[in-house]
Structures are given as structure tokens and as C-alpha cells.
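Order as written gives the chain letters A, B and C; numbering starts at 1 within each chain.
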Amino acid sequence: MPNLPRTLTRLLLCGALAAASLAHAAADSLVVCSEASPEGFDIVQYTAATTADASAETVFERLVSFAPGSTELIPGLAERWEVSADGLSYTFHLRRGVQFHSTAWFSPSRAFNAEDVLWSFQRQLDPAHPWHKLSLRGFPYAEAMAMAALIERIERLDEHRVRFVLKHPEAPFLADLAMGFASIYSAEYAAQLLAEDKAEQLNRLPVGTGPFVFERYTKDAQVRFRGNPHYWAGAPNIDKLILAITPEPNVRQQKLRANDCQIALYPRPVDIPALKADPALQVLELDSLLVAYIGINTRHPPLDDVRVRQALNLAFDKAAYLRAQYGEGGASPAVAPYPATLWGHDPQLQDWPRDVPRARQLLAEAGLADGFELSIWTRPGGGPTNPNPGIGAQMLQADLAAIGIQAEIRMFEWGELIKRAKNGEHDLVFMGWAGDNGDPDNFLSPNLSCAAAQSGENQAGWCHAEFDRLIGQARRLQDQAQRAALYRRALAIFHEQAPWIPLAHPRQFSALRQGVQGFVLSPMGSNNFSKVKFDP
Amino acid sequence: MTTTTLDQSLLYPSPLKEFWQAFAHNKGAVAGLGFMLLVLFCALFAPWVAPFDPSEQFRDALLTPPAWLEDGQARFLLGTDELGRDLLSRLIHGARLSLLIGLSSVLLSLIPGILLGLTAGFFPRLLGPAIMRLMDVMLALPSLLLAVAIVAILGPGLINTVIAIAIVSLPSYVRLTRAAVMGEANRDYVTAARLAGAGLPRLMFVTVLPNCMAPLIVQATLSFSSAILDAAALGFLGLGVQPPTPEWGTMLASARDYIERAWWVVSLPGLTILLSVLAINLMGDGLRDALDPKLKNAQ
Amino acid sequence: MLSFIARRLGLLIPTFFGVTLLTFALIRMIPGDPVEVMMGERRVDPQMHAQAMERLGLNKPLYAQYLDYIGNLAQGDLGQSLRTRESVWSEFLTLFPATLELSLAALLFAGSLGLIAGVIAALKRGSLFDHGVMGISLAGYSMPIFWWGLLLIMFFSVWLGWTPVSGRIDLLYDIPPVTGFMLIDSLLSEEPGAFVDALRHLILPAIVLGTIPLAVIARMTRSAMLEVLREDYVRTARAKGLSPARVVFVHGLRNALIPVLTVFGLQVGALLAGAVLTETIFSWPGIGKWLIESIGARDYPVVQNGILLIACLVILVNFVVDILYGLANPRIRHQK
């Protein structure tokens, strides 16, 4: 029991002093203003980026890692690996002597080995595994990536060797293993929890091998970690890592300025110029694999008429939209479904100019000189592809009014929006897509193919035989130059048919205090603090 | 023209005049009334009073400060918002919505509230307690949460906001009416009417109800102002009237992101809400003084 | 008296079941289901969706779901959040102290200041002070508090830099949650300066949340005080030659407090509604924000049981106020 009276006296003595000079910013501490509470710490159950930042990037590691700031693969818990010539079997040589975290709730009796790898994957793949049904949410990432249909079996060759056997060759398989859902858990900890009938604790008090040891989480307030002194790649410079949960971007910025936190994640793009102008701050930025677009429901007349869709593209003031939505330099205008940085892009492709008279003329040709009515669908809260949905929808509405189209804005929560858009209830819908592997097909097939039109994921409901044939052919080819040529032809069709109003490829930002070093943005959108140094 | 001298003491003041004298005695109430008349005028003649269309976007004049500040433009007296719309015009048109929301949600809860309250008062055995328990249940939920849940069900929008607010403020009318009815039901004049053969509907609506109106009118004024506040709160949480409709709370919510760069987009709608609600509450005080002499003396 | 309490308690039972039924019905009428929201920006395929609904027991008919729910309640099981898999009860326990701390601070602020201002205004009836207090309190009563909060943050936190922008404490203080009340925990932690820092974080939100209760209490105190000062026993006390202070505080205020206390009780519901907005503005980790977010996420168990817990709290407080009122006022006690 602490001595209360003594504490009180001390408080009175140093109260005034403390209020004046709060012990801010110590070199071994890092406070990060993050945007939301993690959903939990059993990362395989979740998909949100915030959740991954608080577990996959701190507590856990995977067999393979992404090199900081790139999509290049480097060894993680596996020192090296061999792939068989037929591409069906992957043998991993595990790193020796790696210890799981020692915490108040678990003390490991052995180092990391093949058992842990088997446990981490079998739990998600094998319905008979004792932990499989304990996840009420299922394993959304592994399920969405159809891992069970890909992996034939996982074998333990010896204590330090594991072999994955696939049902068919899959080029991105190694990259998949670097993703959050492939995190390696301690099988020993799991056994202990099951024996004590405390399985739910796995989600609350995680144990991994990563650079940071989980300490404590207070919902909607903070997540605290300690540096892992025994980390195999060297203990992190930061001993206390604190994620300060701060949902409002304004507040994150104010706290960063007050040095209440040293890194503010996801600043709003429109605030970037002000942040850059502040000498105490630095701003990191990166081109990302994002596209924001407006899907035009081509099944709803008169939007089935290509002239009408072109008129919409011509009427839209993209430059003003980009300025209001992302600020100067916050995004590049989108012409195609994927960014110009990707291979397979066509530099000749010209965006639709803003041309109201021509738009009116096209409408008149379509017999709609008097205009018509339609609905614009969007969601209430912002996200990376659409930071301020409200003003975006209102700008579109005003632009459409200029060519005589009466548009009504309808807002739905994200889940509801997706569901209804899938059913094709919308006319125009603001959407976004985040590519995960940098392949053009990753943008085209899920969003614009005929199969996607069938399933509803293609919100334009657009099924164009020639376009579909071209991207289908490109998907089966290996040669990048050949594929690029096919994609260029497909893009020309996409542009002319205008099933979307492509909006923007937003850039990714983080704001930091001066003195923070070693933090890099990742093209996958994750945030890792293991190499960060802070020099106050 | 005849000139007759009247003995003033024989004149019984008309109830209206008496009411006005009592009301005018309260200077705050008169000031409130004056402000509300101004708001009402703006609301009724918004298209003529407002300098611009509230939805017109001047894209070369985003976030222009009010005219009296540096960089301000004379044509935008109170400045522009994040889409370059004239703030003054939006506030003026917003007056329409706020008054509409206030008025319709009061009516929408006053009428069913009175009906339920009368029913509860006249059927004290089974129906009355059932109604009152239901009201207890509704009162046990914090009003804003209940409103949020209702809006989540119905979807955001003007009409649904009105419905949510009306439902939330229902219990106070029911309770108030029932209490007044219980107080009146055993009075002699009610018994007399009953003996004279008045039917139940007549007893309820003609005999008893008029005598319960004073507290109800005061309550209606109060809930008029709280309806405006609630609508603004829902708008602030992103669940109220949807943009580009210039509702004051919704304007505040979308402007919140710009608070550091453009104080006027946040301050002015908030100030407008505050002043209107204050004016209505001042009027409410005056009304209570005028209608309910017992309370007046207590002040 | 006991029969009065028993009667009141009897009324609580149907209210309680009414609340369970109402929240159960409300949350299920909201379109969209938790699985879709859970999957976030990823799109769900129908088979996975059906599996997830089955795992969560959401494919059963509604009446069965309701019976499950009541059955679990009877065993004291409030269920688990669909989003976080944490038990609703433990989430409530982490978040509720924050709301309670904020609310108590707000009530303390409103109560102390409101009583003093109300008493002085009553004593100096008609003076400039009286008019000032009444005018300000009416303005406070008319305040859109989300706007008020934003203004105060801009002025005191951003512009003057006197108070922190948001949160409950500077996170560099490592305060283990023992009681959940930051003021107490910061004292227990023995970290120098932590308590003062927690206090600095609490001031602005408490003022914002306390504004409306302050206005109500000041007005109520004033009118109750005026009423009491006219009563015979006060006149008698004065005539006996008791000191004016004694008359006011011992005879006057004590009796004026009864109606004020009632208002205090009635403010609990309003306070919780205000807490929703205040917590949103100050990123205060309390139950208001938790519930609003859970409604958005269709997190059925959290919304149902979170609202149920709050409703029980409101019912309980009003019950206690009722009883106190009954104690003070025999007429109410004997009325049917």
C-alpha cells in the first residue's frame, strides 16, 4: 500500500513545478497518436490496420518480413528458405535461440521452434484443431485469401525445419507469409491457456517474439509496450512505446504540436502544408497503392448509355475536388484504375477535361437535354481514399447540377453502403480500393471484371466482353511486357466506356516531431516502430 | 363619434391583454420574442433575405474570412465555408430548418403525448399504469442514445431527425398531462360535468384538457428549444439532417475540421444556435410567468 | 415506509424487462448486421457471412435470441463484444470509471458553484448580481455543449496552452489502473506530478459537462431559497435575533436543498447524454463514446447490455431520489 500522506506532501511541494514543466519527451519513450482502439490482440481474427499496428508490428513476427518501407522480402523468424522447382514446396529453416516474451502471464520454458509454426497455421487451417472453433469471428484474412484451398499440408521436418506443400504454384505465397495473419504464436502459451481454461486471454494478453513486449491496454485510451531486451535483431532504442488512441485528426495534430506525442499517424492531407511549415515537425510521405473512384451503375438507365457516363466525367471538376479533398500535393488525379507508378500504365492516356458545354451536348444527344435525377451514395466517416465524404458528394452534386442533373446525396454506414452497393441499388457511389501486391490485375479483376459484376463487387455492374477478355488473357501470362501491352488496350476501353469517374490516387502521410529518426512509411500501410530513435 | 367616459374599474381586462401585460413585464421575454421574430422573418423570407443560394459553391473563395477581417470580401459578409458557400445565406436558410424541426417535433410529440397522458389519467387501472411503465422505460434510456438508435434505424435525414426527437421528448408530455389530469379529475366541475351526462371524449377533451394546458404550453416552449439543440447534437454526430442542407448542427459538424484555420465556420453557427435557443428559453420564462401565476410568485 | 419502498421496487421489475425488450428490439431494427461491419473495408462473400452469423448465434429466430439473452442475463452473463471479444462487463468496468469521474467532477463543479450563486442571487434579489446570475445561467442552459467544448479547447488548450488538448493524463506517466479513477490512481502510483496532471486534464471536460447542470442548479437554488425565506419559521428565526448567516445557512439552505437534490437526481440522465458529446470532443475514454460506436458497429451485446447497465443506473438513482423525497415528504409516501 503506497504511503498516501507522503505522496500528498510531495505533490503539494512539486505541484506547481510539475504543472509548469511536465516531464515530456524522454529519449527512451515514444508516444504515437494512433487513430483507433485495436479490436484485440489475437491478430489472426482481425483485418483492421490499427489492430495490426498494435500487435503484428510490435508483439509478433512472421517467418518472412517486408524490408522497412518496401515490398521486398527479407528473413524473419526463418533464416532462409528453399522453394522446390515445381513451386509446390517451401522449406523454411527456422532461426535458433529466439525466445518468446517473458511476462507476468507467461514464462517460456523453451525457445521458438517448429511446433509454434505448426500451431500458428494449423489453428487457422484445420477445422479439427482445438483452437479453430474458439475464434468466433473465424479467421477473416486466411479465409479471404483462400489459404485452406492453397496449402496442402504443413510438415515438421525437425525442430528447426518446416515444409509447406501447396496444391498449386502461387507466386505471391512468400509475400502472403509476411502478412499479419501469418504471425507466429507460442504453442506453449496456447497450451498453458487451454489447460487453465483461459483461452480468451490469448486475445487480451499476447505473447510473441517481436521487438516489443505487450504491457497493458486501456480501451479508447492507450496501449503500452516495453522494448524487448532479448530481441534477436537487437533491442529497440525505445524502451516505452505508447500508442495514444486519438480518433480525431485535429486532436492528433494538436497533441503532436504540444509534444504530447512524437508521431501522429494519418494526418489529414489538407493539413499537410501547415504541418510542413512548422519547424518543430517533419512530414513523411509515400505514394500508395490506393485509388478513389465514383462507380457509375451501368445497369441503371440512363447510365447504361455511354454518352451519359462520358458527360458525367466531363462535368466533374476533378481539380477542385482534389484541392478541397486532399489539399495541394495530397493526391494525384486518377485517370485509370491504378496509379501511374505501376507497370502496365499507359502514359498516353489523357484524362477527361472539364467541359460543361460538351457534357450538355452529349446529354442532349442521349435525349436528356432536360436533365434527369439520380442518387449519389457515400458514407459518413472519412477514410484514406475519401477523407471527407460529405464535401466530396456535395461537390459532385453541384457539378452535376451544372449540366441539369438533379442529384440526391444518401449517406450510409460503411457496412450498409457496401451491402446495398453490391445489390446495385445506387446510381453513383464513392468507393476506394487498396491494392495489396502491386499487380495491375489486383485492381482490375476484383473491381471491373464480368465475374465481379456478377458478384456485385464491380459496383459499376460493368461487363464489357473485350475488356474482360483482355484482362483474363493478361492474368494467365507470365511475361510482364506482354501483359503490359494487354493492359494498355484494356485501359483504353475503360477510359472510353467510362464505368467510373476515377478520382485520385491519394498519397500516404505521417507527421513526426523533429528528432524522431528511423521511422519509415510502408507501402502496405503498416506502422512499425522497432527501428525508431528519438532525440528530444 | 361618441365620447363616453368609462369607469376603468368596471372594465374586466381581456385575457389576452392581461396575458400580454404579464408577459411584457419580463423584459428578457420581450427581447427573446423580438429575436425570434427576426429569426422567423429570416426563415419565412429566406430566399429574398439571403444574399446567395445557400448551396452555391464559389470554388475560388474557399474559407474566405468575414468581411471585416483581412482577406475578407464585401460580398461574403460572414465569410464562406469549406466549399466556398456564403455563410450568412446558409445561416439564414438554416433558420427555416431549425424552426421547422422544432415546430414539427413539438407537434409530433405534443399530440400523442396529450392523448396518451389523458388516456393514462382517465384509465388508472390497467391502461394507465401500462402507459406509464412504457414511459419509465423510455426515460431510463439517456435521450441522446435513444435518439441515436432511432436515427440508426430510420437512417439520417430531416424527417427522421424530427421523428427521433419527437419520440425522445414524448414521455415528459405524457407525465405532465397525466399529472394535470389526476389533479383535475376529482374537482367539482368535472364531477358536475360527469353527472350532467358528458361522455368520456367530452370529459377528456372539452372539460379537463383546457384546464391542463398552461404547464403543457410552457413545456412545449422548453422542448421547442431542446429540439433545436438535440437536432444540432445529432447533426454534430453526423446523424442529423444531411448535407448540403444548411442545418446549423450539421454545419458545425462539417466545419469542425477547419476550426484551427477558419474560426468563423465553427463559431458562427454555434452562436446562432445559442442565441436562438436562449431567445426561446427567455420567451418560455415569460410565458410561464404569464400563464402560471403560482410559479411567478415563487420567482 | 417499507411498504412504500416495496411498492416502488415492484414498479422497477416491469421497467427492467421493458428496457431489455426495448434495447433488444431497437438494435435489431437497425439495418446492417455485425458481420459486415466487422469485416471492415474488405468485402464478405455470402458463405463466409452465413458461417459467421451462425458462429455468433445470429441465425436463430428472434424470440430464441431474446430468450438466450434473458437466460444469460439471469446467470449474470452480459455476453461478449462481437468486435473485440472482450466481455461486456469488463469493458464497462474499464470505461465506466472514466465517465463517473468526469460526471462527479462536473456535478461537483456545478453543485458548488450553482448553490453559492443561487443563494447569493436569492439574498440579493433584484440586484445586478441576481440579474447577471440568472442571465448567465439561462445562457448556460441554452448552450450547445459540443460547440462550447470546441470553443474552450481552442481558447484554453490551443491558444493559451493552459490545459491539455485531450485524454485523461500525460501518457508518459505510467499509471496502472487500480480503481479506474485517474485522480486516485495517480495518487497511488506515487509518480510526482501525476495527480496534478490528471487534474489539469479533467478541468475542461468537467466544466463543459457541468455547464447545463450548473445553470439548472443555480436557478433552482435561487427559487427554492426565495420560497423558503418567505416561510414562517425563517421569519421567526429572524425575529428571534439569530444571525443572518445562521438563518440563511441553517434554516434556509437546509430546507431549500430538498427540491435542489431532486433536480440533482434528475440531472443524472441528462448528464449521461451530455457525457456522450463531451467524451466525443475530448477523446475521453468513457461509456458514451463506447455506446455510440457500438451502435455504429451493430455490436449487439454491447449496445444491449451497455444501455441496460446505464438504464439500471438511471433507474436506481431515480429510485433513491424517490425514496429520499418520500422520506422528506409524507404526502407523496402515502399517495397511491
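Structure notes:
Going forward, contacts are C-beta pairs under 8 Å (C-beta built on N, C-alpha and C of every residue); 3 or more make two chains touch, one makes a residue touch a chain.
What you are looking at is a predicted structure, and each value in this text was computed from that prediction instead of being measured.
Geometrically, the chain at the heart of the complex, using CA-atom means, is C. Two chain pairs, A-C and B-C, are compared here, and A-C has more C-beta pairs in contact (counted per touch definition above). A straight line joining the Cα centres of chain A and chain B is 46 Å long. Spacing of chain A relative to chain C, judged by their CA centroids, is 37 angstrom.
With centres taken as mean Cα positions, chain C sits 24 Å from chain B. Looking at chain C, residues 31, 158, 296 sit in touch with two or more other chains. Counting partner chains per residue, chain A has residues 254 touching two or more of them. Multi-chain contact residues of chain B (touching two or more other chains): 155, 256, 259-260. Those residues of chain A whose C-beta lies close enough to touch chain B in the complex are 249-250, 254, 268, 270, 274, 317, 320, 324, 380-381, 388, 390-391, 393-395, 397-398, 409-412.
The touching residues of chain C, counted against chain B in their complex, run 11, 14-15, 18-19, 22-23, 26-27, 29-31, 135, 138-139, 141-144, 146-148, 150-151, 154, 158, 223, 226-227, 269-270, 272-273, 276-277, 280, 291-292, 295-296, 303, 307, 310-312, 314-315. Those residues of chain B that touch chain A in the complex are listed here as 55-57, 59, 62, 82-83, 155-156, 238-239, 242-244, 254, 256-257, 259-261. Contacts from chain A toward chain C in the complex involve residues 2-4, 7-8, 10-11, 14-15, 17-19, 22-26, 29, 31, 37, 39-40, 42, 45, 47-48, 136-138, 140, 143-144, 200, 203-204, 216, 218-222, 224, 240, 242, 244-248, 251, 254-255, 258, 260-261, 383, 413-416, 418-419, 422, 432, 434, 455, 457.
Within the complex, the chain C residues that touch chain A are 31-33, 36-43, 45, 48, 51-52, 55-56, 80, 82-86, 91, 94-95, 98, 157-158, 161, 164-168, 170-172, 174, 176-177, 187-190, 192-193, 195-197, 200, 283, 285-286, 289-290, 296, 298.
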